[in-house]
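Quick one: this structure, given as structure tokens, is what I'll be asking you about.
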């Protein structure tokens, strides 16, 4: 798992006008991402609208991404579903389809029942059954379930649970996990918005929606940090944080997809109930991208 | 829709020891519920572990419930999924399988994106496509999405959106909806815990988990209320509120299933990630049921 | 404490243009309230801007309210402060100034430290030291501390803790308290928005901001309920719930004060940081009051 | 304001057994803190139990701290109260008593009314009236009010609003503020738990409760960061994060005071409603301090 570090874009799923997965569009996007020194690709993450895809679509997506991505890059696939049994099944199928690592959200419907015991049991059963390593996926804003530090530390001792992608931005917690987890347990930032702070908390990289449209700046933050050039790293972090807020936090997937279109990638519309980004906000997004040097930088 | 009033138990799904749906067990339970003056049955609700069932299982369940329930009782089936398209598809299939009304939760993953516009569009598309009436289902504790009063009032004007089941317990909101919604729009309490207060806010009945094990007391509260016998109604409400808290709020589905076993019905274990109720809590639950006169009353 | 039932307006504090307490204005308001069959007055509640008043102002207010209110009506005074010692001191002083009952909010700054033990100890110390009965005051929206049912039940056994005013609107909890608390423990609704549902949960009245401007309709809801005339009670509840939302929930004290001006009472501006209600919203508020029959009804 | 950088302990207020401020105890503590290269002292912060002190006690505390602290170190005093007028008054008096900077919490009772406009007006009035610079104080866990990035950026343009102490740990927001605020606007971490990540987000130091008992490690994190020695800085951060969680987050002021006693300072008990740390947790705290090298390091 030495390759589980660096920057991973959690790729959106492009749809054709008829609403089907746009395979040529995705192939084109992948060719573009391949030109950057990304560590791999996250498919079927929150940004990939996994919850809007059926099982057949999910497996086809993994196969396509695997076939169009260099062998030395990791394919992480989201396989966490609402029941333990279905999560195990999808994890196995995703592995067969080419996933190197399974990224597993906690079950997010019966939240008040997601006690420590329930989560340990759920993740342990999946990890026991999985042919590939498991990356925990903490995203309380979407799931309403916040995996706490001691739970993550406990799970880190399972031989097939190799790390956590944390989207909560709670960096005291990330540092706490880093100091107590099993040796080699990997921490990944769940957003470019706190990429540099997460590196300073001991993370080894990030799964950053922003890397879909601006991989260079995410990669540069990592490089500057590793080189100890903090002043420049902070400057880059400040450069992107506002665009990141627009692309991810506030407006969500519709904005990410619109930003992809703006930089020349295939974004497309999201599936309902998600709504297209209103024209007015697309215009504002364009300005933000230009201001941040991302729209120019891409040309 | 005159029949959309009174008490509806949101039935749990019994599983065999091998984890499959226990059809004989469910048939036995239905025969017992049929002995009470219930207005119908809710299948595939939150208490039915709908999120742990696949499509085939869901439709088979509806068919079984329909075939084992008197024709004059309504079958309400939960059909709200995470995408609009899948929700429409399941609503149509559920109708073919025998559902009289579709009970539709809001999409609960991209919560911050579930704006007024997104929800109006989502529900309108489903209602436009549905062969049967739609009952809105507000359950913010599980979904993280709280349908607000003005949204519900707006949706009440769609000819196929006939009411709302509210599990939030916000009765000021319920009264506000009652005063502003389209004529004939029905309000149903989502829990026995506030059944009588909800009737006083204008509700016409309730979808009460407690009615699975104690239909009589829920029915009596309605009858006393309609007869203006408030003192006795309040006494009954007080009698059940503690048991209701134990059965539904605090311990959830595992407790409801354990309570069913205690009163002689087929409860079974929930599917993981839900966990069986610990033995210690089963004992405590038994005491609470006895104290409330439910365990005795059943014998 | 037989008189602790019925409707109590939690009166706002009128300020002169120089920002001082407007004693003639308050005297005028009290004379108007005295014309209705209210059970008493709540002074120094949340609507009274107690947190914007100093100790001297608070005691002067209690004295004025006591002197201008008929002897047979109860004066409830808010005396809960952030430290136990200061709460005890103010409770004693408020008694000397004429308060019949002390209404005590929980401490609301170190919320995560407000454990069961801390709250039992805090309230017990105050009740032990108080010359007058204590009414618990649960208002989680403002305090971030939600007094739970079992805590309230435990405190109900203190001889000087005689009831709870609940503003959370959690009526399952209210019914639970009603069923388990010491005999004679009184429940009061904290808002007209759920007055009728609260009566159906066993409450004996309410502390309703709306009663400042529309005492008649609040009183009528109680009377209709006691007479078993539920249809009419529900109609009244529906009539007021929208105006109540405007006056209290959404726009808060500035709207309540504006509504008082609209009905001919002395409202005045709140003290900063509260802001005056914008003119546009005053106009909207007027329409809501007219629509609900309150502005006409008052003339 | 060049001195507004580095580490500031937010000091607890020691009380004698009779409950009065323990002046000799505080003097002893200050002498100890003076031996470290701290940038100054925060008095009347959340950790100082400001909400349990009356005005006279507050001013006496500021005077004592000022007189026992070297002139070249800054005294920051918490002066934010629930009304604008009282906040202005205390800010002026605190200045006279020796405060160099006023640390101002937002009003935290009428939270839903703390709109953008209300907060801009509140802070602007205080800053206009203050003889000394203002440091914004964002602590949503205690106040329920989260000052958002654009509000802080707007306020940063007031000539007397010189920075923000953020205790939320939202470092994407901190970086966003850093990239958009007026030049020279200072960011300070509100906890040692995310001190290093905050420095990486552009903070210039921290107000760290942990610095009361372990100033060396906080100072060393800053020094290592400034020297570009990130590996060692991360190791230190990991070393302290668990003890910080125990001392501040989980157990609060009672634990901080107990930790002070353990390292030989005067901690004392907090004022009620805060409770003393139970003996069992004191023992656990001792172990955590020893494990982190803080208890040994102090001797």
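Order as written gives the chain letters A, B, C and D; numbering starts at 1 within each chain.
In this section, a residue touches a chain if its C-beta (ideal position, glycine included) is under 8 Å from a C-beta of that chain, and two chains touch if they have at least 3 such contacts.
If you're wondering where the values come from, they're calculated on a predicted model, not measured in any experiment.
Student: Measuring centre to centre with C-alpha atoms, which chain is farthest from chain A?
Tutor: Here the answer is chain C, farthest from chain A.
Student: Taking the mean of the C-alpha atoms as each chain's centre, how many Å separate chain A from chain B?
Tutor: 36
Student: On a C-alpha centroid basis, what's the spacing between chain B and chain D, in Å?
Tutor: 49
Student: How do the chains pair up in terms of touching? List each pair.
Tutor: A-B, A-D, B-C, C-D
Student: Looking at the complex, which residues from chain D come into contact with chain C?
Tutor: 19, 46, 51-52, 54, 82-86, 107-115, 117-119, 121-122, 125, 141-144, 252-254, 271-275
Student: Considering only the defined contacts, which chain A positions touch chain D in the complex?
Tutor: 149, 169-172, 174-176, 178-180, 191, 193-194, 196-202, 225, 228-230, 233-234, 237-239, 241-242, 244-245, 249
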